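Chain IDs A, B, C and D follow the sequence of writing; residue 1 opens each chain.
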């Protein structure tokens, strides 16, 4: 079947999102990571906007705007500041080496697609095929959180996961009810704020953001 | 009934009076067999008399228990002697205690003797008491097993009934009884402090059991204990006779059979005493820690007898 | 079987519950009396004793009256406390009341030297303990039963740890509560099997529930484990020799004499009353376990050198005998030999009653010794008979009774049990009837060893010369203590002299459980359980003859000869420097037994070298099962927790991996 | 109407205390707000008892007997904890572990935290439920790291990341739920209302729902502390201030479990199989066993009791998994008992650790000698939590274990093993802490032990007598959960 071009664009953006998360998985430098994160946000915002336009669901515009505001402008800017302040922008060796990570990532993607297949069948929305991608993004960012040994990349992984969720919400279900969207956004905002405080505290107590300083609490 | 009571008293008195005689007889036989010149057969009576006349000498720290024990022991033995059918069967006392209770009586006497021995607190007393209890804790169950074998045959634990079954019913051969008999012999040797478990005529600390316990006793107390010992030997002998060769014991209420029964009994006792003396002479005393083995064997034999009863006779 | 009784609206059960409430009130009021030691020891405990007497009375009434039940307003919403008093409970209440009356009277004297503050707490736990035990006997639904059961365990735990400054005592208490709790969980599971479903836990529904043999057996095994853990059945016995000596003597007496019996009660209640089918091999199992326990207990009792430990081990022996009787009862019962089952059950109940009295007596006796000397090691005692004659003679009664000597009570139950063993050829089972008589040999052996143990116990503590000069200051027990002991000793004697009456009195219980009664085919003074032809025993004649002969001989000797006595030193065998330390010590007395049964023990000995200035000897015979069974458990759980600990690795990436793996696994698992 | 008070008061309290800061009586004000919340909760509860379940605020809030009893419980424990934290925090401040700034943070986010939990309990919207849970997490993260020690920071970080991830997964589950729901209910606000979902649960798409439940279970399960998702829990409990530990294990875990149960009801309805139940039983059993063995190797008292919380949550989850009237009833009862008892224990432990100046159990000895009340509080609390009658924890364990034996005998050996090991470990460590000798000095302040004995008294009472209306609640709630 042939899709309307805006839907093709949405699918394209979906692919783009997936691509970006792979890129993030393989990225060693923090600043670059932040940039990629910003791009991911941008792609997300656009796709949301397009979905909103194509199915004229007005509240999706709000969520698109929110995304743009938070994930493209506010947070990246905040992270840039953080990185500059704490100058932690050096090469970060992940726990598992990159190629292995990529391989695992591919496996995850396939798994996610298989998982989403039966659901996409019954999905009424025009953008059903994107659900699998969303799930894949979630799993990939999870994987990224696992592999990163520094605080900031882990946080970014966490936010990337939220992106994936958001994308799932918009693409599969034309977005959650507005209240929920707002609540989620608020939580994310507060969460990032708290994180900021944290990272400073961690920094000043361990004078490093390396997570391997934080392995004291364990079963002796 | 009244005749029953009289008969009972008569038999008890007879046992009490004859007991030292049996002891004397055994000693005499031993002397002969060992080629010594024998003391007169009435020697035990003289000893008793002499002891009764003496003043009792008691340690300073002796408690009342010490003085009470000899009477108690004597009383227990008297009761036991009254219960076992010697010449007449099924006397009024007999329902007072069956074979299990009989074992209980012996145990009671033994415990009092052991306690009395520990009372003074001289090293020998305690040593003797310990050894005595060691011997008895094996001998007692063995004796019970012997009785059980008999009572399985007789379907009863009442001595009169057992005797009745074994003696006055139609004659039958019980292989189990033979095992029981051997076991009983070993037990009674041990219980009466005879060779090979103990030596009545030793005073060597390392070996003595019974003598060590009564070391502190003198005069009338000693006399009572000696008498009780004789009585015990007598009771065991009559018990053995009642269980294993009961023929000749007069059935209930048969007064006419009594004189014959008396004669038969005396004959049996003479034989038994001689046999005891003979066996004592040919065997040597075993080391103390062999005693458990010896009695263990007795115990096993008794149990074996019981099993054989179930294998062959039921 | 119990349905045959009409349930009266009210009856003795209310009275029993009233006493329970009275005890609770007493316990809590003790907390208020913390100030005055006098009131606590001189008022609270005597009142508690009155309560015990009341319980005994209620029990006696309950034996003859039909069963009565009551439902209390407390408990779970759908499951209020059901209480019920039938003959079985009544019997055990008589046991409890009778024994604990003497013990509590004793306690009121024993605790006079204790500080008020701790004593108030102790009084609280003590009366909670009593109340708990009675409620266990009354409970008629699983929840009430378990609550009472655990209250009993808990309060006794606090009693055991009264002197919690001592690490050993803390450990003892810990071990006790742990095993009690595990046993309780097993009981919970058993009730889970027995329940009718839909959360109906009343015993009535359990009685009606139909069960497959498999589930019935599961329930039975759980129950045997649970109650066995409480009763000290080998191999769940390890807590007992630790906990019972640790407690203050009256408490030890209660625990050994009374608390263990509640386990027996539970065993009877569940096996005969609640489970509606019985299977033969259950009895065989119980018989075997019981015999092992009896032998094991008495052997270890023989090698102890701490007097209270010795008694604790002997409790294990007696419990073993009781459980063996229980097994034999089951065997007869499942074999359809109702009359024989009745005989064995009678022996069981009789022995339980006896044990309550003589073990209580012996424990309080050691209590007085402890008060007088402050020593528990028999190696430092001796010759106390001269300083505390009351205690000594009364204890002697208990010792003779527990040694199973006629004409005291211990002998009666043993005699009945042996009679039961002698009747096993009646069994239809091919080899059981051959093997079980051999089991009688073990019972006899245990009995004989018990005599050994008691000679050691009494002889070393009360006879001989004081092994320690300090003992010369030992003082006699106070009057309440003597009265308590007197009561218990009287119990031992009377139960021994009037067996015929006791058996007749027991018949309602026996009928309740076996639908049969034991006919005493003898006059009021002779006991002839099956038929006079078969076996009879007349303690009164026995007693009369022995006393008669003693008196006659005494008079005769006095009259014919004389009663002159000279005092002198004991014969020293030509070795002048003899002192009290040369007497046989407790270890020495137990040494032959240790040598014979060394297989069961892990013997630790320190023998001094010949050139030692002040040589010391130490010997301990430890329970091998502890090392075979319990230490491995400890090791395995330790190892497992090591492995579990590895999970908590400290590294957040790992934790994320756990979540991730769980997620993936569940996704795969559910979408397949 | 009460509902708005119920939610408004804590939020107002949070804001107010943030402004009021460290002026005098801040702790008292904190307690006052909690008291007000409690009163509102009481009023609401009364209302519900009077006239049954009700919808408030155009269906945004839904109160039925299931959540109203949790509301009451939460408000109650929150209040007592506030009472306890008053002297506790003062002593901490004197020990110099806290300054005014942090105390202000503590007070305001304490109120926020309570408010968030109440919102999570009362809302009818699965989405809002999620939002509230997240808010509760965020509110507590900073409380856990209140002392700013390296250890507390680490604990807080792990708490934040792990729960954040978990909650994110829960969001995905919620999205899937919505995705399935809007087919029937159409898109828009109503499609996430639990009541509506519950109405149409039979028609919801099974495959989607099963998938959704997995995400929800893993997500909220992380907060419940189900093994192996529990890793954050012991750290957070051990390193945070004791009042926080008390509310965390006393309340937050319950709320998370509440969320799981709400979704379970829907999933059961949709699938018609007991897949959800089996999953929960599996998780529960694994948690119980693992926690028991973890407890065995603890040296830090708060950490040990944190693991015991995991054990009990596992037990409750297991019971809910079994389902059925009795098991649900038991689980609800156990929820109540556990939060009361465990918070009481944490109160006592808090004072004990303050006295000894350490959380290492080997250094805490002979409490009974120096502070008998603390000693007895700890001893009785421990006995209660170990499930010894007549305390109420036993009542629920009794029902759970017997039912398990009746319905799922295979599980009982594990339960037996775990309970035994846990008992040995906990009791073996607490006993020497309470008993024995010590040289430690008495506490300078009068410890606030009224809450401890209030809780224990309640637990004792509920073990012997459960008031009829309370029982009715439990029954209705059990019905609701598919009894």
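The definition used in the following text is that contacts are C-beta pairs under 8 Å (C-beta built on N, C-alpha and C of every residue); 3 or more make two chains touch, one makes a residue touch a chain.
Everything quoted here is computed from the prediction, not taken from an experiment.
*Asks:* Could you see whether C-D or A-C has the larger number of C-beta contact pairs?
*Replies:* C-D
*Asks:* For chain B and chain D, what's the span in angstrom between their mean Cα positions?
*Replies:* Roughly 78 Å separates the two chain centres.
*Asks:* Need the CA-centroid distance for the pair chain C / chain D, whole Å please.
*Replies:* That gives a centre separation of 44 Å.
*Asks:* Just curious, how far off is chain B from chain A if you go by their C-alpha centres, in Å?
*Replies:* Comparing mean C-alpha positions, chain B is 101 Å from chain A.
*Asks:* Measuring from the mean C-alpha position of chain A to the mean C-alpha position of chain C, what distance in angstrom results?
*Replies:* The separation of the two C-alpha centroids amounts to 70 Å.
*Asks:* Where in chain C do residues touch at least two different other chains?
*Replies:* Those would be 645, 647-648, 652, 656, 663, 667, 671.
*Asks:* Can you pull out the residues of chain B that are in contact with at least two other chains?
*Replies:* Touching at least two other chains: none.
*Asks:* Give the residues of chain A touching no fewer than two other chains, as numbers and ranges.
*Replies:* Answer for chain A, listing residues that touch two or more other chains: 115, 118, 142, 145, 154, 214-217, 219-220.
*Asks:* Please give all chain pairs that are in touch with each other.
*Replies:* By the stated definition, chains touch in these pairs: A-C, A-D, B-C, C-D.
*Asks:* Using the touch definition up top, name the residues of chain C that touch chain B in the complex.
*Replies:* Contact set of chain C toward chain B: 382-383, 385-386, 392, 396, 400, 403-406, 411, 415, 418-419, 422, 425, 433-434, 437-438, 440-441, 444-445, 447-449, 451-452, 454-456, 458-460, 463-465, 522, 526, 528, 532-538, 541-542, 545-550, 553-554, 557, 560-562, 564-573, 578, 580, 582-584, 588-589, 592-593, 595-596.
*Asks:* Can you check the complex and tell me which residues of chain D touch chain A?
*Replies:* Residues in contact with chain A: 125, 127-128, 130-131, 134-135, 138, 141-142, 145, 148-151, 153-158, 160-161, 164-165, 168-169, 171-172, 174-176, 178-179, 182-183, 187-189, 191-192, 205, 207-208, 211, 234-235, 238-239, 294, 297, 299.
*Asks:* Residues of chain A touching chain D in their complex?
*Replies:* Per the touch definition, chain A meets chain D at residues 57, 115, 118-119, 122-124, 131, 135, 138, 142, 145, 151, 154, 158, 161-162, 165, 168-169, 172-174, 176-180, 183-184, 186-187, 190-191, 194-195, 197-198, 201-202, 205-206, 213-217, 219-220.
*Asks:* Note which residues of chain C are touching chain A in the complex, please.
*Replies:* It comes out as residues 645-653, 656-657, 660, 663-664, 667, 671.
*Asks:* Give every residue of chain A touching chain C within the complex, in rising order.
*Replies:* On the chain A side, the touching residues are 95, 111, 115, 118, 142-143, 145-147, 149, 154, 211-212, 214-220.
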